[in-house]
Amino acid sequence: MSVLVDDDTRVVVQGITGGEGKFHAEQMMEYGTNVVAGAVPGKGGQEAAGVPVYDTVHEAVEEENADTSVIFVPPAFAGDAIFEALDTDLDLAVAITEGIPTQDMAKVNKRLSETDTRLVGPNCPGLITPGEAKLGILPGNIFAEGNVGLVSRSGTLTYQVVDNLTERGLGQSTAIGIGGDPIIGTNFIDALELFENDLETDAIVMCGEIGGEDEEQAAAYIDEHVDTPVAGFIAGRTAPPGKRMGHAGAIVSGSGTGTAESKISALNDAGVPVGDTPEEVADHIEEFLA
Amino acid sequence: MDMRLHEYQAKEVFADAGIPTPASQLASDVDGVVDAADEIGYPVAVKAQVHVGGRGKAGGIKLVENSEEAREAADSILGMDLKGYHVDQVLVEEAVDFTNELYVGITMDRGEGKPVAMVSTKGGVNIEEVAEEDPDAIAREHIDPSFGMHPYQARKAVYDAGVDRAVARDVSSILKTLYDLWESKDGSDVEINPLMITDDDEVIAADAVMNVDEDALFRHPDLEEMEEEAAGGDELERKADEYDFDYVRLSGNVGIIGNGAGLVMTTLDLVDHYGGEPANFLDVGGGAKAERIANALDMVFSDENVDAVVFNIFGGITRGDEVARGINEALEAFDEIPKPVVVRLAGTNWEEGMEILNEDLVTVEQTLEDAVERTVEYAEEVNEQ
Amino acid sequence: MDMRLHEYQAKEVFADAGIPTPASQLASDVDGVVDAADEIGYPVAVKAQVHVGGRGKAGGIKLVENSEEAREAADSILGMDLKGYHVDQVLVEEAVDFTNELYVGITMDRGEGKPVAMVSTKGGVNIEEVAEEDPDAIAREHIDPSFGMHPYQARKAVYDAGVDRAVARDVSSILKTLYDLWESKDGSDVEINPLMITDDDEVIAADAVMNVDEDALFRHPDLEEMEEEAAGGDELERKADEYDFDYVRLSGNVGIIGNGAGLVMTTLDLVDHYGGEPANFLDVGGGAKAERIANALDMVFSDENVDAVVFNIFGGITRGDEVARGINEALEAFDEIPKPVVVRLAGTNWEEGMEILNEDLVTVEQTLEDAVERTVEYAEEVNEQ
Amino acid sequence: MSVLVDDDTRVVVQGITGGEGKFHAEQMMEYGTNVVAGAVPGKGGQEAAGVPVYDTVHEAVEEENADTSVIFVPPAFAGDAIFEALDTDLDLAVAITEGIPTQDMAKVNKRLSETDTRLVGPNCPGLITPGEAKLGILPGNIFAEGNVGLVSRSGTLTYQVVDNLTERGLGQSTAIGIGGDPIIGTNFIDALELFENDLETDAIVMCGEIGGEDEEQAAAYIDEHVDTPVAGFIAGRTAPPGKRMGHAGAIVSGSGTGTAESKISALNDAGVPVGDTPEEVADHIEEFLA
């Protein structure tokens, strides 16, 4: 199988009775995802998107054997929803919500160190194993089955790169949007490790952006541990210091950390070619797989 | 995004929490400054209340010894343009005689995913420079956000930094208060620089920084009020606040609109790649409806530096038909399109969007690269005219 | 040790935190009760404010329909002796019409070393009995004290208990408030039993229990004040509070003084073992000085049930010489020793103690067993007289 | 060696400049304990009880290689002092302080699950390996070297039992006072495990008291895992329900849990004889070792 999600994944959607939750639960099911339940406090006993709704995630797990949660809950309540997911022995929780207070995520981050549940996100488009299942809001139709693993801090940039790949017949094993917030669950290194160990992934695209040092750390990890060929892309080369580019995490600090140059050169040093454009990334992958 | 309090607002918050601050008054006209200074007693500092680093060097802070000097200082500071910000208010503040200046601050260490408390005896200067040139001069203590700061951690940071034992207890207690504020107010950066030590070992917050996580403002109505007071800066950035866009103004002439931070950044990078200069970063976010799209065009048209606009949407939750409707709406309001607009639509409902889009008003391209290249050409043409 | 708030005090704390409570007034005389009842409107409940379980069954709570009944109830309850406690005050309270009664509470689960929230739809009865007879009727959710209670945990406990969905949201919110109170006030047990549900789905705290960790009172000056109001109960136990002794009054006639809880308990057990009956538990604690020792003797002599006293000290930080001095001091004040005292000293400075001790006033034994046996004999002799 | 403490143990005393801290630091040193430093905020650079004082435990560890802390800090500040000790990579922290708020200890308890440092106490007399070292306030002169391990929830009761043992020539390997609070670090089971694995311990005394279920759990543990003979004592047989007997932990609840009967019968079922008096405990130990 590919990584993290496949057609055996049993999904509970937290916030399934909200507009977005319902719409994307339906979209996920349409794509073939095995959505088995929703969880919304006070709505237990109802149905939404054709699946039963429970008051707690715990019940959804007990009654429907859910093993994965996708979270569409407004930011003020999303931290609590993630804690609920983490305390329910799920394998995976995917938090789509954008705008969760950073301090809520710092607490979530602490709890992550105490649990076996993996978190993807928040503020991410989710993940997809083409032809099997998608968790989140990614537009399924641009993806194709294949052997390219993709990990990205950005949503629509992922779509752009995937589009370039798919157009050339370069399908994907799994694509993971890890999210653009300063504090996230699964990071580049976690995703790279998964892809490296996945027999169906033969090449990896890693889309980073300015801010933080995750890309530099990922480069060091690739150098040490990853044999699968990796092509990179870094958004924000032209961003001036001190200005946040949309994502809470995407900022070059006044003291010069988090620059695109630093990330690109770290990746290059690790043997990772970095494309100037999404097209060039597809070029590199095509070469790897030729 | 961070909400930044003005110095006087942050000092109010600090003082309420029990941190000693100098006597001060806010003033917005020259007579008010002189009255305040007379009342406080000389010497006083007159400090511009704008969100600009290095106010002192830029002439935004003046130390005055008498009413006449106070009047002169007020005259020169009030109304001045400080690195692009108009000074409407000054803080008139007791000038504190100090023997030492410390730095204390709390911020989020994103690499660790947890807050970090910092203390340095090299206060009064740009702490980022200290961090680079002499990292050991800053004592750091990471805090487990589930427990909050234990008192011993405040002490440890203070003793590790080499703070004089005579004031260590007071500084520890201020650091702990600072953390509690950071936590209870959803701070992102909370700092005192300098924290002044007087010759009788009093400890006084001579400056105050309090930046707050905008995503958490919903639970801080008191801070939301301050935000309104604190608003200011570039007119376009204020407009972006109203429209609730992620917007950053840049110095070039190619206007950029897109959905998703990474994709918009990439569009900026491509503008550069094709020899153009981005005029802005504008992310309409996910799931934008027609009205929001029209607002985005209005934003970019309002920037007189912009000579051409690239509109790049890759639909996920954003739908191509809504985008097209918004573009039509915005452009059909003009007798003449003010600046050429290049549109590239992909992803969800892009075909529907293309059918709706009034192609008489815009130039359509199929790929991101082509769209950007075309826009850069347009911008050059307009510029050459 | 726990400090127990009276119902009216706990309700005040709960109401301040936003938990709905019935309209009520405190009264300490009959006219006050009638006035309060008239003002609140009938029916009202008149409730004795004493720290006794099962007040209702014991006649300490009466439901009244009019002024006459209110007067009768006030007459019978005020001044009554309720399981040994004198009733000085009653709470006059709006009687709530309810369709359901819940139990909600927070306590420390010592086995787990963490707090636990409990919810049951079997409210209005002794929850310890429910816990024994039908443990599944209580939903339990353990709380990580470093994070505090997450809202989802409150919801989970409430839904697990099977609380009606129509009130689940309000009950969850009350449970969360209760936890926050428990945490911020250093509660040991904080409970609402019953939490009444009215037929229009209002949720009202009809009773209120708030027991607070006495060791934490130093950080709650507001509660310390309440403690003074809440004081009461047995006169000897009040005296023990003044002297700051760990003291428990029992029903026998052998007075017991010792240092260290385990050793004093063991002394009690030995009294029983040798056929006597302990009159009390009195631990002077560690490091007691002469005055404290004298106070301990005064305490035990004040209990008229006591016929003989065993004084058993094994010195660690407590020193035998101080103990001996204290005993001499206390006994030399009497013309005649009121009750026979048997002393056994061991550990730190016991030899010095033996030299100091006035053996004319006490009986000395070398071992714990001998001391207890001798005291039991004395008590029997006195008793037979 | 015996358990937890011996003459290699390097002790830092937190609160060494206070009355009790100084007195007992001196007493410990007189007994032969290797006290290497004190830690008291604001008193760094001074000396107390003949050893250097540091502002932080961290410094005491850095400068003097302390590996164990004994905590004499007033209850309002003791929770913080324990956290400081736990966050300094010590092997062992012994908290003597009585009257620490229970909620402070609940937080300490959480932190204990995240650290490798062992805590003994609080509200305990400490521990002693006769002839080698003592940590805490136990009167050294009543102990004798030997092969009886002793673990107890109570301080002076420990002395009583030790007195009875020593008088008969039954010396001790190590005696551990685990403390009488509801939430403590090292519990009976931890201590029993240490003694069971200690070659110098040939018999064990376990002194319990009413309240909680620790003795019952210890009995179950003994039944499963302890081959060394154990004799028990339970204080509080005559305590009425609902009344707290001095120790915060020593209370038989209204619902009947925590009774002496329950504990004694659990111990008896595990093959542990329980003495009616301290003398009888010594009788059992004498038989074991005969």
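Order as written gives the chain letters A, B, C and D; numbering starts at 1 within each chain.
To be clear about the criterion, a contact is a pair of C-beta atoms (placed from the backbone, for glycine too) under 8 Å apart; a residue touches a chain by one contact, two chains touch by 3 or more.
Being a predicted model, the structure only gives us computed values, none of them experimental.
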item: Distance between chain centroids, defined by C-alpha means - subunit A, subunit C (Å); value: 55
item: Distance from the mean Cα position of subunit B to that of subunit A, given in whole angstrom; value: 28
item: Residue list for subunit D, restricted to those that touch at least two other chains; value: 107, 111
item: Of all residues in subunit B, the ones touching two or more other chains; value: 144, 146-147
item: Chain-level touch network, classified as line, ring, star, complete or other; value: other
item: Pairs of chains satisfying the touch condition; value: A-B, A-C, B-C, B-D, C-D
item: Residues of subunit C that touch subunit A when the two form their complex; value: 147, 150-152, 155-156, 159-160, 165, 168-169, 172
item: Residue ranges of subunit A in contact with subunit B within the complex; value: 20, 75-76, 98-107, 109-111, 125, 137-139, 142, 152-160, 163, 180, 182-183, 207, 209-210, 212-213, 233, 235-240, 243-250, 253-256, 276-279
item: Residues of subunit C defined as touching subunit B within the complex; value: 144, 146-147
item: Residue numbers on subunit D that touch subunit B, as the complex places them; value: 41-42, 44-45, 55-59, 77, 80-81, 83-84, 87, 107, 111
item: Residue ranges of subunit C in contact with subunit D within the complex; value: 1-2, 53, 108, 110-111, 113-115, 128-129, 131-132, 144-146, 183, 186, 188, 213, 215-216, 218-219, 246, 248, 250, 258-266, 268-273, 278, 281, 283, 285-287, 314-317, 346-348, 368-369
